[in-house]
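Here come two complexes built around chain A, the first alongside chain B, the second alongside chain C.
The block that comes next holds the complex of A and B.
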């Protein structure tokens, strides 16, 4: 009986192609054998306590600050790094991390304003506050992304400072792109293109593992390429660290200009002493700075314009734009078959006109955001040019507080003893 | 300006920055924002099969779940058997599930119970499609919370063509299909 019923319904369903909601095709059976329907399993999420996460983050950063500033011990930094690599990396599988939390926090300001759990905002803030007081101790040993790269940096070489400065601009571009992604509702780009999370999860897409693998292999020689040239959160930490109250220093006491530390830093974060005789007269430098100040509005305008010109390209990051382009092309008859997306679109209630209107709204957002992105990049570029053109007087080997990752490599290179009588 | 003033000013800037950032974050953060989890809306799902391949986990955190209240317990189950299957038995050539994750058990004439072996299921949605096309639609996909790592941006949601995946508060139950109306509701 039920077979025939099934067949009839099958035929009916095929004819009508119906989407019957409340009506069921087959009656629910009433069992005579005393059979009871099983309960559906609804397992709760496996959550680790946020208190443990925050306590470990703060504790590890405090210990790192102590190891860097008081103990001056690279071995301690490495030990803490291993702890963090295993907890925040392999145990927590790379999430939660302050690099990604940046997006959640900025999402309140410029994105869709989704409420942020306290844990996330604490994760975003704590490393910045620590950087304001002790330098980038988060980068040194607590960040799992930094830790996995530091573990691979076995044969670091110094790259030319020019290359360092140029490549460092990509981090600003990445930060800008991440903000653009938030403003336009494209998504959380930093998480999407996180290269190392695949290793922490012990599995990932081919592209993700490939990107991570390439970065780690490069990182054998050019230490921590992601941290220096890409990390968007690193940009914020850099700004905070410049104002740090205490910061790691190459020498525990007075610099004796022995030059031994010159090659110690793989991150080019040790500023060489400026020569006693200035390479150019004061007036030439002042004139150059004047020109640069005058050029600022020009640079910003050009960069903003470039951003506006690039917005059609950038807007293709957004799925709505891609779908609208696809539907438009299909309606012109460019494609014979449908993609899953366009099939889903045709099945939905939306009309193409509505989709195009939606795409236009997204494009308008992209135009404004791309202009702002361009201006931000232009300002960053201009700021760096100004910084590089101003000659600072410093007679000693000093740490560049913005760039220094507090890794502690240089400590062992300094022959100067810590003074015993007065605590440093 | 002597160095003393300079230090004081820096100290002030630092304290102000910490206070502003901390206060801002405190105001912005909401305790009730804790515990949002990703869930599939069964009413929107079109069984495209991307849940199997786009999750950051392998195998996917999406599994087939079975709302027994809706199930017709049919012998000729279009979620269990391939279209045009030669026999209604457990032969691999007849089964629709590519990994044999859907199990069937005889209950009483003519009813069979179907259960999902979660260890094997990888969320390909073949059975869901079959069940929805010709059956009651009691099989459907859902993100298992014990498996989901709760990414900031669900990688399946981003690739979902019908926008069926959204965040729901963890306090709210699973978005299971319910017997009452056939629409999704709290489970």
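The block that comes next holds the complex of A and C.
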């Protein structure tokens, strides 16, 4: 307990110590009387050593893996989570984080190819490597986005597994959109629409703060909605975690099928044992699977076509398209005032025709990227359908390695092990 | 939050903890809610108020700017108000910041208290109450497959709906291969005629620049078609049209059209011989049926434009055709059938490498600049309001301006890139009259609105239009106003010719005739020509008083505006093309 308190106190001190030096912006008064403006003195930049960040990331994930796999202690997981929340959340203000780093790394492959700093690469890769060995320990306690949600998940309930399957597809869509944003030069959508970074920075756009607030309120009952249904990095961690070498288990020994853990996981990450009797003849299930496999090209084609058709809407994510529409509307006289963007455009040497041509080039790029986005989503849907059609016999209650966030909630419910300290 | 089960009647420490935690969670929750509400309200207030846009402050600054000498009292007042605005801004910022900390604190306390309450009342699993796994396992998977299929179909439907309802609302450049960089300027492959050369010719409606001013002083003031006095030649035009003649060198161009066909005619200015007639070819997008137009407008109302060996014609169905001096079609494109209840009538204007097309419609109107060599779009800007007026190209003190009138406003554009330079909302009704320009002032006038004089000022990099005066007693319907020197001349459809002081709008003189004027008055060197609908001309000197120089007669319905060159006038009547020449110039 003492150790856990000490850790939290250290993290809190780091956050409070960082609140000096905030800067407000207000237009400078206009002087025409010879008044000499004093030289602005900006405070020196306060840099945190990347080594500290990487060391903390690795250390916290290692500790989490130890807490989950060896100690089987949810309280330790919670403690580490609080530390991560204060450090990576409030102290580092949500940046750098592996979720956003995904974009930097993929930007090399499909974006503008901007080089990625080593720190970012490490932040992207380290959680995946840990997931390959120990499961999603990064999600368990180190991710600040997960931590703030976990902190709010005080009365979690299970949602139906059917709904869990469908809602989980949004994460694939978000990942696809993030890639679309990179390919088309729209920007880093994951960072742009990060719902929690505003809380970490104690300020942000009103809409994103509201979105984050709504997610946190929902998260009181439906734990970690962003992690489960939206997080694009979670998709990658899910894939890595499926192949994890060692993963948290509900029971440390043999499952006695007491069913005590059945409702313990709010993430529906505990697979029920496969009943001995099937609901339909084996032949019917095999035929369905065969149809699904045969339908793959059709699903992909339909999804790709849907993507192409939706590309005008998707292309409105791009600032150039928005600006072109705004300028066109202004020239039609639809608006009486200018936005910051349109004012800057009017002050530039670019002509509307050039802007429209530029927007059209962006739109064409979106058309190709949207087709790929549709294919990706089609594959994701198809893959999940196949997964739901393939029967893997499991006699016991087992962890769903992809979905499990290694939060340790289920440990206390298993009577096989020595009772541990109970957490909510 | 679950309450502790009432198995034990004794009030335990867990019960006390639960109650205390619930109390703290409730209070901190309410506190957080209140703070969050206040923060939102504060935020919305800040959004609505821009301290620098305070009307009082702006008014004080305006007063200070207009004051001939620095007014120390005003300066102090502005400083005090500025200080107040800054104090208010930073106070608001502090409130927001403090509120954020309070909210964070409140939420942290609430979450901790809620967790303590949950720990004091652990939820005990009840396996006995759960349905047997066999009952739900297969059903859950089947339902998941169904729901997944359904949601997948729903996503595809959403994509289809997005495709159906989403239209990117900006002008899409045409014929540009993917990846090709936009053109900003077109490299000149030939030397374009300079202004002096253009003035020697009559390249567009209302002459060079399209604002009714020519340079020749030896144009005839007297002619009579019936007797043939001063008539050099006449020629028949096969198809009807209300467009005016344009000419370059010894070639004169007009167009004619009916519902079935569209043609361009080229005449020899010396003999009146028709050198060739060219049917406009069908183009991609040419509608099978001609659009409905008002009979008076017809299918060939816009005047052609010409530049050296290129002539351009546009018709009521949106077909735009470029021909060379031999009548060979160089390029053509259909701009889309105009959504125009009277029929398209805005004339073309060519300058340097660009052909300007004013395509004002009820919806999707636009102004395009096309490369005269290829017809390729150089730039296009949308136009919001319909009109039947024609553009003018004016060299002002602030650079060249392409000035367009719509049924709502006057707008000036940078001719090279299409950037809007200024605009004034001063018109209403249905406007067919173009702008006039003289001495740095633009003039517009149309029936059912006002005659307006607009002076353009510069404020930094911005051109700021200023309405100098407005006048509404006699306004034109079809004939465009004409500005010459210190006067503005207006010829109305009721037969009035009004001369206003260009600076003050004071009426200098006023003449009234039996027939109205559709043909726009033109200033040629030292005299003004106005021709009424019955072909009676009035030639008078510009100035404070009405000095009539001649009353030529055509005796035929005339709505087109004449073309003028050295010693000659070319007039299109409803029936024929007429060349008028001074007697001393007709020796050849």
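We take it that the second predicted complex is superposed on the first by the 355 of 424 C-alpha atoms of A that agree within 3 Å, B and C clash if a C-alpha of one lies under 4 Å from a C-alpha of the other, contacts with A are read in each partner's own complex, and residues count from 1 in each chain.
Just so it is clear, a residue touches a chain if its C-beta (ideal position, glycine included) is under 8 Å from a C-beta of that chain, and two chains touch if they have at least 3 such contacts.
This one's a predicted model, so the numbers in the text were calculated from it and none came from an experiment.
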| item | value |
| --- | --- |
| Which of chain B and chain C A:74 touches, first, second, both or neither | neither |
| Touching partner for A:243 - first (chain B), second (chain C), both, neither | first |
| Touched partner set for A:346, first chain B, second chain C, both or neither | second |
| A:117 touches, of chain B and chain C: first, second, both or neither? | first |
| First, second, both or neither for A:203, with chain B first and chain C second | both |
| First (chain B), second (chain C), both or neither touched by A:40 | first |
| Overlapping contact positions on chain A, where the chain C interface meets the chain B interface | 22, 24, 26-27, 29, 203, 347 |
| Touching residues on chain C, where the partner in the complex is chain A | 1, 36, 40, 43, 47, 52, 82, 86, 89-90, 93, 96-97, 100-101, 104, 111, 114-115, 118-119, 122, 125, 127, 130, 133-134, 137-145, 147-149, 151-152, 155-156, 158-160, 162-163, 166-173, 176, 178-179, 181-184, 377-385, 408-409, 414, 417-420, 461 |
| Of all residues in chain B, those that touch chain A in their complex | 10-11, 13-14, 17-18, 21-22, 25-26, 28-35, 37, 46, 48, 50, 56-58, 65-76, 78, 107-108, 110-111, 113, 115, 133-137, 144-146, 148-153, 155, 158, 161-162, 170, 173-174, 176, 179, 181-183, 187 |
| Contact set on chain A toward chain B in their complex | 1-3, 6-7, 9-10, 13, 20-29, 31-33, 35, 37-38, 40-47, 50, 93, 95, 100, 103-105, 108, 114-122, 124-125, 128-129, 132-133, 187-188, 191-192, 197, 201, 203-204, 240, 243, 245, 319, 339-341, 343-345, 347-348 |
| Residues of chain A defined as touching chain C within the complex | 22, 24, 26-27, 29, 151-152, 154-155, 160-163, 165-166, 169, 199, 202-203, 206, 213, 258-264, 272-280, 299, 302-303, 306-307, 309-310, 312-313, 315-316, 321, 324-325, 327-329, 331-334, 346-347, 349, 351-361, 363-364, 374, 377-378, 381, 384-385, 388-389, 413, 422-424 |
